[in-house]
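Quick one: this structure, given as structure tokens, is what I'll be asking you about.
The first chain written gets the first letter, and so on, giving A, B, C, D and E; residue counts start at 1 in each chain.
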Amino acid sequence: MDIGTLGGLAIGFFVLIVGIVIAGGVTGLFGFISISSVFITLGGSFAAVMISNTLGRTFGMVKVLRNALRVRPMEAGRIISMIVTFSEKARREGLLALEDDLDELDDDFLRKGIQLVVDGTDPEIIRNIMETELNSMQARHEEGIKIFEDWGFLAPAFGMIGTLIGLILMLRNIEDKTAIGPGMSTALITTLYGAVLANLVLIPVANKLLYNNNQEILIREIMIEGTLSIQSGDNPRIVKEKLISFLPPEIRAQVEEETGERE
Amino acid sequence: MDIGTLGGLAIGFFVLIVGIVIAGGVTGLFGFISISSVFITLGGSFAAVMISNTLGRTFGMVKVLRNALRVRPMEAGRIISMIVTFSEKARREGLLALEDDLDELDDDFLRKGIQLVVDGTDPEIIRNIMETELNSMQARHEEGIKIFEDWGFLAPAFGMIGTLIGLILMLRNIEDKTAIGPGMSTALITTLYGAVLANLVLIPVANKLLYNNNQEILIREIMIEGTLSIQSGDNPRIVKEKLISFLPPEIRAQVEEETGERE
Amino acid sequence: MDIGTLGGLAIGFFVLIVGIVIAGGVTGLFGFISISSVFITLGGSFAAVMISNTLGRTFGMVKVLRNALRVRPMEAGRIISMIVTFSEKARREGLLALEDDLDELDDDFLRKGIQLVVDGTDPEIIRNIMETELNSMQARHEEGIKIFEDWGFLAPAFGMIGTLIGLILMLRNIEDKTAIGPGMSTALITTLYGAVLANLVLIPVANKLLYNNNQEILIREIMIEGTLSIQSGDNPRIVKEKLISFLPPEIRAQVEEETGERE
Amino acid sequence: MDIGTLGGLAIGFFVLIVGIVIAGGVTGLFGFISISSVFITLGGSFAAVMISNTLGRTFGMVKVLRNALRVRPMEAGRIISMIVTFSEKARREGLLALEDDLDELDDDFLRKGIQLVVDGTDPEIIRNIMETELNSMQARHEEGIKIFEDWGFLAPAFGMIGTLIGLILMLRNIEDKTAIGPGMSTALITTLYGAVLANLVLIPVANKLLYNNNQEILIREIMIEGTLSIQSGDNPRIVKEKLISFLPPEIRAQVEEETGERE
Amino acid sequence: MDIGTLGGLAIGFFVLIVGIVIAGGVTGLFGFISISSVFITLGGSFAAVMISNTLGRTFGMVKVLRNALRVRPMEAGRIISMIVTFSEKARREGLLALEDDLDELDDDFLRKGIQLVVDGTDPEIIRNIMETELNSMQARHEEGIKIFEDWGFLAPAFGMIGTLIGLILMLRNIEDKTAIGPGMSTALITTLYGAVLANLVLIPVANKLLYNNNQEILIREIMIEGTLSIQSGDNPRIVKEKLISFLPPEIRAQVEEETGERE
């Protein structure tokens, strides 16, 4: 999990706690702990998520989360340098010469692409295979992200369900007017739990996963374009031009530098 | 219905009941039973679903539900193995040799595709026929899913309608102030019913149907790609590469193993 | 209007009335009649629909409604049989022989297509003309459906506007505390009207129109595909395969039977 | 502004006023006038619209409104007749003969297309130029419509902001219990203003603009298709068939008549 | 930041302050200052934005804002004139002659395109490179805009969270009935902050960024089309026709004038 995500979570909960302490003192905090609200909000919405998925997918969520929140350095520059180097080697020594470099490649997707090039596979088939793999990966990631989005949608609904349960019980037995205030207070805690769970945890995490997914797709698209450029024997300068077009201008300068000595 | 779905429903209702018992005692539970709320929430929203559909479609929903919630083993691996085997046989013995295997095929869609290949149909026409069938299936499934989504949208609306009816009746005859509490309590039960029906049953079930539909489409896409690869006489190794690109990496290894002895 | 739609409307209103009678007795029903609420909810939201449209379109809505809600037997099977028969005749006796059958065709769209085939029009132009007509029809239907969707969105808004008006009037003159209850009761009736109008009538009707529209588009797509298949001289068996791919499996068997004697 | 739009606005406000008079008498009406609510609702939401746009665009809105709400007779029939006439002339006397008719054309878009045809421009380039112009026009219109949609979204938000301000001020100084009712009454007026502004004016006007835009795009698409048909020397009968496919069946008959003498 | 945006912000806050002063007097203003509400609304929603992004992106937001809100004269006319001039020069003196003008070009994107033309790169590759760069720019801008949209969605949620916290604390300790009013008043301030932050600042700014982004994409599309037209040796008159099709009619006249002397 990277610093922004961890820091954001810490700051978010800190801010809410400070807000409570300012308004209600430190003792006010204890009034916000409610086991039955956790039960209904977290338990109920998690049950609804379970219904929407197979058991395997529900608990696979933890893996999705771990993979997707890990710190991912912006490595597009390094990959473009590598592809440009391959492209130069292929023009000098032929496509077969790339076979020696396959073992050093730490990315399965790019290695598979270069392997297909070395095997002399038809370019249309290479594009087909690599794009199918990219699309399938994207579809799987989006399914994982959808779990968090669905959960973020359901959590406030279960918060409201809990508050309705509290109100129905409280209103039925109104004799003691002084009990109304505390009764409503307790009923509202469930709505608060649902709102915080959704807006401070689930929705931001879903957004984060979406952003990481977009980064990963971008890198894969560079790899597909690069692999096909190597195969078609494009001029390495053109290969570089093509690939850095995917990057923001500020990163381009840096890539130019890394690969600059060749021109 | 698979374990995740059944278990989720059980856990969801269990959690709500426990929440009620913690807050209101076991006797509190009886206060949540309301025949007229069932009438308005379930009856009213189901009537609205009936209006949106023909009678056949409304009651066909039960079949959609049964088909779509059944446990569906991830059988993509087995199908890819089968297609690769066909592809090898076709290269050794010709496309006509596949006719013998048609009877063993337990999937109508794949059998129709292979039959068209054996008949010597034009590849463009085969793709056209298979994709039309896939798109039509997808459109029909999405119509079925839309019924549950519409219902999940209408249930809370009828919950609110019931609560409005209760409030209008109650507020008109306010003389006895002690009746306000219990009156509102009763009125709110309909909102609770609508919220639980939508968020614990209908929306999660619609999500589940959507997920199962995506799985089924994926398998059909593999079948289309495989059928056309067999016909075009692709190298079986390439056929396998093409088809496993549709799968997540963890399942690929297993498919590699099953079909591995051939290389 | 087919049975599902009529029955759903009857059941929906019956359920709401029963709900009122259970909670408030038969006399309770009279309290739900409010002319000024009809005025604001129905009148106000209809005025907003008028603003969005020309007069012609607003009152054309009635025709849209009548056409679109009429019972429409699933006649795709009959049309496919007819096209397959045409395809056989065209192969035996030439495309010109179809001219004799044009008068018997009761569908303008298909007749126009076959006429263009008989005239020897270029296939690209035939596809262009038929698809333009299909797209225009779809765009017009969607405009008609949008009127009901917009109305269904605006009705609850005007319900709320009416309740706000009631509350503002009532709250201003609070002296007699016993008038608050009945005042709020009356104010809420407008919200109820808006919610029932939208959720029991307008939104379900819009959904129904959408479903009928999809059915009509499906039949037209079959006609386009069939017309072009006849012209290109496809084998009638292939024509049938192509067209039944549009249908659900359970209807396919029946079509196979009707056209089965030919094989 | 056409009759439907003007009439709808008149009816809408009339209905609301009648609703108020029925419930609160004629004197009740005065209670709904509030300068500060106009300030917050109209002023606040207009300020938010200004932030979203350049000054030029914000005040260009008035022109968008005037152009887009003007009565626009359904002139597609006349345009099709004209194009069919051009097509006949071009076949008889050659494309250059159309130059004489250019001055009579009152539509810039069609004249530009025919001019390009007369100049002997490549069909691909003509399609490219005309479609670019159509897409740019559509994008500009949609930007104009978006201003009203955004405003319609923001107006109720500022209505709620005004009500919150009113409630916060009122609740702080509660000593005199009799002031609560009138205080809430005043606070709610701002919400009412926001709801009426959005649902009776802004959202319906945005819908109307959208509908007019669709009409205009339809006519331009007919012009593009017609221009290219003239250039390609299509049979005038086919040109007519192509172009009337864009129209609803009831208008087609009328166009058939106007152009009928030629066949 | 251009005048519309600055002016709109000033007017918006002015209008709200005037509304408060009219209803509550100048002293009423002080009651709307609440540090803990700023903490929860602004701090909480910003923390949620941090979770969704990497630290770099969160603070890169400031740059996005500065770049995107700067005054941007509608310079499409100037760019079209320049491209038409290039196109004439290229026809007279050959594509290589454009090399001399490259240094004067102040736009990186257009310079890169012309450079590729001068280098004799294949047109397909030039289109590929320029469109990739355009798409990547658009994707990056949309990510930046999404930050403001997400924030605008989260701010009212945290406003509601703050109000829930205030209500829960207040209701628990109701003994003194006179404290209810001021307690609710304070609790509602957080909702007000969230609503103003979202509807007067974040959502309008996101809309503004979206509009500026559309302008920038339009200019880049003109550059791509122009570069490829120069390379293909199109007649400069046709080049101009193609490019001004992207512009609104009122700006076209002005461009015609600037480039008019050539015809």
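Of note:
By our rule, contacts are C-beta pairs under 8 Å (C-beta built on N, C-alpha and C of every residue); 3 or more make two chains touch, one makes a residue touch a chain.
This is a predicted model, so every value here is computed, not measured.
The chains other than chain B, linked only through touching, hold together as one piece. Listed by label, the chains that touch chain C and also chain D number zero.
With steps allowed only between chains in touch, the distance from chain C over to chain E comes to 2. Counting the residue numbers used at the interface between chain A and chain E, under half appear in both copies, so the two copies meet with largely different residues. With centres defined as mean CA coordinates, chain E is found 40 Å away from chain B. Each chain gets one centre point, the mean of its Cα atoms, and the points for chain D and chain E are 25 Å apart. None of the residues of chain C touches two or more other chains.
Residues of chain A touching chain B in their complex: 35-36, 39-40, 43-44, 46-58, 108, 116, 121, 125, 128-130, 132-133, 136, 139-140, 143, 150, 154, 157-158, 160-162, 164-175, 186.
Taken together, the chain A residues at the contact with chain E in this complex read 2-5, 7-9, 11-12, 15-16, 18-20, 22-24, 28, 31-32, 178, 180-182, 184-185, 188-189, 191-192, 195-196, 198-201, 203-205, 207-208, 211, 214, 218, 225, 234, 238, 241-242, 245-249.
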